[in-house]
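For reference, chains read A, B and C in written order, and residue numbers begin at 1 within each chain.
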Amino acid sequence: MRIKLEQHQFEGPLDLLLQLIEDQQMDITALALSEVTEQFLNYVRSLQEKNPTNLADFLIIAAKLLVIKSKALLPNLDLGADEEEAAFDLTAQLLTYKKFREVAKFLKNLEARRKQSWSRETEFTDRVTFLPDPEVTVDVLAGTLGKLATELKEIVKLPEKVLEKVVSITEKINHIQALIGQKVETRLSELLKDASGKTDVIVTFLALLELTKQRILSLDQEEKFADIIIKKN
Amino acid sequence: MDLNKLKSQILSILFVASKPVSIKELTETFGMSESDIKEAVEEIVSENDTSGIILLAHNDRLQLASNPENSSQVKKFLSLELREKLTEAALETLAIILYKQPVSRAEIENIRGVNSQYSIRQLLIRGLIEKSSSAQDRRVQNYQTTHEFMQTLGITDMRKLPDFETLTQNIQLPENKPDQS
Amino acid sequence: MDLNKLKSQILSILFVASKPVSIKELTETFGMSESDIKEAVEEIVSENDTSGIILLAHNDRLQLASNPENSSQVKKFLSLELREKLTEAALETLAIILYKQPVSRAEIENIRGVNSQYSIRQLLIRGLIEKSSSAQDRRVQNYQTTHEFMQTLGITDMRKLPDFETLTQNIQLPENKPDQS
C-alpha cells in the first residue's frame, strides 16, 4: 500500500527515501535510487511551504540523488571524485539510519509498557546551612550570565541562518522567467554562473524542472555533454 | 496477592511518598484488609532491621528512614558534599536567579537549555536561594536569592548589579518551535 | 569491612542524598578502593528485580528509584501522571545517543540526516540526556543518557539492554538480486 507522500510527516530526508525505496520494492542499487529521484524532488517542492527549516537537509540528499541519477543516465559524466563518493555513500547512510530506527522502535516499545520509576523528593529543609562559595562574586555571576546571553542569541538566530541558506524555489522560478523574457533563450551555464553553493544549484535545477513541467520552458541540448539551452515556449 | 510482591509495592510507595503514609491509605490503594497490609508491613520492618533503609511504623503511620546505625558515614558524606565547590551548572543557575528573580524552574531550564533540578537543590541546601510562591499563581514555584547571600555579595539594590539592563534584556527565552526536529 | 554492612551504609547515603552520587564520592567517604565499592554496588543492583527500592547505576553515578514493576500502584497512590510520551524525532535521537554515547551533535545529525538541535534541547530539558563532562576536547560537546532516561523507560540495569548488533541483526536494505530484469 502506498502512502500519500504529501500527507505524511517525515522525520527527515532519509526517512522519506527509505519509504520510497520500500514502496518500489526494488533492490537498493543506483538504478533504484535514480528511479525514486523524481518522487523525492516532488516531495521537496511540497516541503517548501510546509517546513522550510528542514528544507536544507532534504536538499543535501536531493543533491546526492541527482548525482546518482546523472551517473545512471550518463555513465561517462565526470562529477569529481568527492561528489561521487558522497553520493554512493548514501546506501551505507540509509542502512545505518534504518538500524537506528529499529532501536527507536525498541525504545518506543519499552515506553509503551508504561512502567516508570520515580526518585524521591529528599526533604532537606532541616539541613540547609548557609555556605557561600568565596570564589563566587558578583562579577563572576555577571560574567556567567553574559556567556549564557551570548549562547542564547546564537540559538535564537540559528533557524534564521538555516533559512537564509535556502533560496526559495518560487523566487528562483521568477528569476529564471524574467531572465528568459529578456533574452528569449539562455544557457544553463549562464543560470549557474552566480550559484553560491550546492544548495543553490539544486534549487535552480528544481525550478527548471518545474517550469518545464508547466510547459513554460523547453530544454534542448545540441549534442551530448554540451551546455543545455533553455528556451521560452 | 503474593506477599513478596505486596511488600515490594509498599516499599516503592513509601519511597516515592517521602512523607508518612497511614495503613488506611494503603488498604484503600490495594483494596485489601488492614490485617493483610499489617502483615506485610511487619515483615518489612523485621527484614529491614539491618538494611540501609528502615521502615518506621508508629501509630499506624509508616515512614522510611536511613538506618541510624549508619549515621556517622551519612554525616561524613553530607559534610563532604557541602564542602564541594559550586559546579558550573549551579553557577549558571545562580546567575539567572540573581538577575531574574523571582524566576520559575521552567524559565531557568529554558534559558539554560538543560534540566536544572539538581543545581537548584544544591543552591537551596547551601542557603543561597529560597522558594517564593508567585503572586499571580500560587501553584507556580519561584526562586529568589536569600537575604544572607545578597549581604555576602554586598548588594542592596538589584538594579545596581553589573550591566543589569543589558543582561536582563539579553536573557530571553527562545520560542518553542515544535514543528522542528 | 563486611560486605553487607557496606551495602547497608551505601544505601543509607543514597537515601539521604539529594542528587545522584558518584562512585568517587563514595570512595572518599569510606576511604575504600573503587573496586570494593563497585562490588557492593553490583550486589545491590543484582537485587533490583524484586525489591521495591532499586539502585540505578549509570556512568559511575548511583541513584535510588522505585521499581518500575510497581509503576501502576505508585502512580495510583500518589496520583502521579506518567511522563509525557516521546516524539518520533526524540526517540530517534535518543536511540543514537543510547548506543553511541558519548556522542556529538554532528554525529547524531549525520546519522539522522536532519538538524537535531531542537530534539537534543528537548531531551536535555527533560533531563533524559546530559552533556558529558569527560570529553577530551572541551570544544566538542558530547551527549549521554541519564538516570532519568532509565526511570522514564523503566530500565533497571543498563547491562540488561540488548546490544546494538543483536537488536539490529535483521535490518537490511533490499538486497541485490541478480537477474531481476
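One rule holds in what follows: contacts are C-beta pairs under 8 Å (C-beta built on N, C-alpha and C of every residue); 3 or more make two chains touch, one makes a residue touch a chain.
From a predicted model like this one, the values you see are computed outputs, not experimental measurements.
K.L.:
Centre of all protein Cα atoms: which chain's centre is nearest to it?
P.N.:
If we average C-alpha coordinates per chain, C lands closest to the whole-structure average.
K.L.:
What chain lies farthest away from chain C once each centre is taken as the mean of the Cα atoms?
P.N.:
A
K.L.:
Taking the mean of the C-alpha atoms as each chain's centre, how many Å separate chain A from chain B?
P.N.:
43
K.L.:
Can you give the whole-Å distance between the Cα centres of chain A and chain C?
P.N.:
That pair's centroid distance is 31 Å.
K.L.:
Could you grab the centroid distance between chain B and chain C? Build each centroid from C-alpha atoms only and quote it in angstrom.
P.N.:
20
K.L.:
Mind pulling the residue numbers of chain A that touch at least two other chains?
P.N.:
11-12, 53-54, 118-120, 122, 124, 155
K.L.:
Which residues does chain B have that touch at least 2 chains other than itself?
P.N.:
Touching at least two other chains: 15-16, 78, 113, 121, 125, 177, 180-181.
K.L.:
Which stretch or stretches of chain C touch chain A in the complex?
P.N.:
By the definition above, chain C touches chain A via 15-18, 54, 56, 63-69, 71-72, 74-75, 80, 82-83, 85-86, 88-89, 91-92, 94-96, 98-99, 110-115, 117, 121, 147, 150-156, 162, 164, 167-168, 171-177, 180.
K.L.:
Using the touch rule from the top, collect the residues of chain B that touch chain A in their complex.
P.N.:
15-16, 18-19, 78, 82, 85-86, 91-92, 94-96, 98-99, 111-113, 121, 124-128, 146, 148-149, 152-155, 161-163, 167, 170-172, 174, 177, 179-181
K.L.:
Where on chain B does chain C make contact in their complex?
P.N.:
For chain B paired with chain C, touching residues are 4, 7-17, 21, 25-26, 29-30, 50-53, 64, 66-67, 69-71, 73-74, 76-78, 80-81, 109-110, 113-115, 117-118, 121-122, 125, 177, 180-181.
K.L.:
Which residues of chain A touch chain B once you look at their complex with the stated criterion?
P.N.:
Interface residues on chain A, with respect to chain B: 11-12, 51, 53-54, 118-124, 127-133, 135-142, 144-146, 148-149, 151-153, 155-156, 159.
K.L.:
Give every residue of chain A touching chain C within the complex, in rising order.
P.N.:
11-14, 21-22, 25-29, 32, 53-54, 56-57, 60-61, 91, 93-104, 106-108, 110-111, 113-120, 122, 124, 155, 158, 162
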